[in-house]
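I have placed the structure first, in the form of structure tokens, so that the comments after it can refer back to it.
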Amino acid sequence: MMSRMHRVPRLAAATMKSLVVMVLVAASVTRQAGAQAAVQQATDLETRLAQRLDAETHASVMKVVDSARVQQLPVEPIVSKALLGATFRQPSAVITQSVNVVFQRLVASRDALAPTPTPGDIRAGAEAIALGVPSKTIRDLRSTFPDRSMVVPLAVLGELVANKVPVDRAVGMVRELMRRGASENQLVAFSEKVRDDISKGTSPSEAIATRIQGLIAILPTAPAVNVDAANVNGAGFQNADGRKKP
Amino acid sequence: MQRSTGLGPHEESILEPPLTAVPIVTARSNATADSALVNRAKLGDIEAFTAIVERYHPRAVRFARGLLRNQQDSEDVVQEAFLRVYRALPRYEERQRFDAWLFRILGNCCRSANATQYRREVVDVDDEVALERVAAPETTDGRFELEFGDEVRRALAEVPDYNREIFLLHHIEGFSYEEIEKMTGVRQSALKMRVKRASDFLRAKLAGVYRG
Amino acid sequence: MAEPHDELLNRAINELRTLPPLDQGAVSRIVDAAARSRDAGAAEDLDFGEPRRGRFFRLPAVIGIAVAAAIVGFVAGVQLLGARFFDPTDSRRTAVGRAVESTLVKPAALVPPNVDAALTSTQFVFKSRVAHRVTLVGDFNDWDATATPMTRESGGALWWVNIPLSAGRHVYAFMVDDTLMLTDPDAPETKDPDFGVKGSVVIVGKP
């Protein structure tokens, strides 16, 4: 098992070097925030859309993009949705409708994550809303952690809900893990393990109840007493045989 | 990009690295960031410790792979070193640069591992099989890079441990002779001699392989 | 660095400076072990004696966020019919692929202040012996089937590509021979809420 670890990087040594350069370049490029860069991005965006959409669809998508810009919402989700539709040869009316829906989700996300969400937060919130997470839930999570990035927590929350974990339980888990100091990567790993369990036939409730025990055990702010499932949070957490703990 | 600096053959020269050089993570740029993280980690902040591990793990693995006789021990040895760092954090004082302290511990772990492991494994068998299977590479440059990289590592593995360690600390991890003297207790003049011997050995070995 | 004329040695040094990708699994194991040792109240002298070789922990690897090396061949290959009609809504699940994350260490000076923009190199892998062309499509490249071709090791069956991704959720799929859009059976599947088309999900953490 150990030898696998360095075999692949060795075989891809040349690519790794160019990738370092690429990531470093990407990192430095993203720091450009000048007006000139903004204008250039606007042109590129129009070009990207124009190359793949017919004139009519392009015009209606650009209207939504302009509205988003006016409201200082991130426009990439709108562009991405339109081009996804183009790739899958969706009718113009369907693409137009879907970008409008994306716009509404972005607005709802921004409001739920007030007062100062980052573009990444807003994008993540919009995706979570699309996956079935209520705006109110996002708002509550934000109020618990007003200063933390919501990008990964919302992505994880969205995935849990998409995997049929009840919303209250899913947000209870995420909140508790964040409160106990789980890193973003630990949150991601947690959601992947839960998803794997579910894909193998475990019920969503059982999967998260089990996996959260594993993560809680190693987080720094573990309580002095034995961690019991029911103590994790009061939001309707059940023990293994399905009874609600008082 | 190569220029004559008028220095003698055994003296250090300051060069612009070739364009394709992988940048060394310089200590200066990390000093402040390290300080904040280390202080938090000392107070028990596991996320700060995680960030420290993430920051240094690739370098630690790179160093361990270069220094260990048995490369397969790299992960274990690096883990042991970080655990020692963690347990010793309460006693770490900012007088010493954090990365120098880490690499001192790591170097000791590697040396101990080497002392108990006399089996010499330059290239692991699976790798050779894998290399033979690369029959028709996309570009000849790619193929040459692959071979050169493996030749370098084979040659490095033949450099005596004590020379190799200093060579890695200086040329790969970017520590100055002064810093290495503090880390190891070995005089700078002796350190330079070790690096020179390692360099001479590598140069000769590689030139022999790529003659003409 | 070595002498200016010392090209061979400089090349060797450059080669040796290549950093391996960040192994999140190993990092997690280290942090887990550290937390356990703290809980166990272990005290340690700052000594430099023999490492206790018998006590290396091997906690279960973090699934999903693993080093790029964890590519073990899967049995199933892609079955393609030469004249297959392009039907992107048919997510034929015979393909095998895996999204694996690898992270490169960036010097502190280059970490952008806007944390949203920080990128993580992510590897995507797809297995097929019979495909002639495989590209990666996703929300990071405008779903453009020409934008991100994947590379196959000569004579092998594994196609791969590394791309930098921002933190958060990303949806992707593999376009095979310009005719077939396939999801990744090793990744969570998602249905687009607006178009109903299927894709695969990867969540990228902090670099």
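Chains here go by letter, A, B and C, matching the order in which they are written, and residues are numbered from 1 within each.
FYI, a residue touches a chain if its C-beta (ideal position, glycine included) is under 8 Å from a C-beta of that chain, and two chains touch if they have at least 3 such contacts.
These figures come from a predicted structure and were not determined experimentally.
Nearest to the global CA centroid, when each chain is reduced to the mean of its CA atoms, is chain C. The chain with its Cα centroid farthest from the Cα centroid of chain A is B.
Spacing of chain A relative to chain B, judged by their CA centroids, is 37 angstrom.
Between chain B and chain C the centroid-to-centroid distance comes to 24 Å (mean Cα coordinates, whole Å).
Centre-to-centre separation of chain A and chain C, using mean CA positions: 18 Å. Counting partner chains per residue, chain B has residues 20, 22-23, 44, 46, 50, 65, 75, 134, 149 touching two or more of them.
In chain A, the residues that reach two or more other chains under the touch definition are 5-7, 11, 13, 17, 20, 24, 183, 219-220. Each of residues 15, 18-21, 23-24, 31, 35, 104, 153 in chain C touches at least two other chains.
Of all residues in chain B, only 2-5, 7, 9, 13-15, 17-18, 20-26, 29-30, 33, 44, 46, 49-50, 53-55, 57-59, 61-62, 65-66, 75-80, 82-84, 86-88, 91, 105, 108-109, 112-113, 116, 133-138, 148-149, 152-153, 155-156, 168, 171-172, 199, 202-203, 206-207, 210 touch chain C in the complex they form. Touching chain A in their complex are the following residues of chain C: 15, 18-21, 23-24, 28, 31-32, 35-36, 62-65, 67-71, 88-89, 104, 106, 110-119, 121, 137, 139, 142-145, 153, 162, 164, 166-169, 188, 190, 192-195, 197, 201, 203-206. The residues of chain B lying in touch with chain A in their complex are 20, 22-23, 44-47, 50, 65, 71-75, 124, 126-127, 130, 134, 141-142, 145-146, 149-150.
Chain C makes touch with chain B in their complex at residues 1-24, 26-27, 29-31, 33-35, 37-38, 42-44, 46, 48-53, 56-57, 103-105, 107-109, 151, 153-156. On chain A, the positions that touch chain B within their shared complex are 2-3, 5-7, 10-11, 13-14, 17, 20, 24, 181, 183, 219-220.
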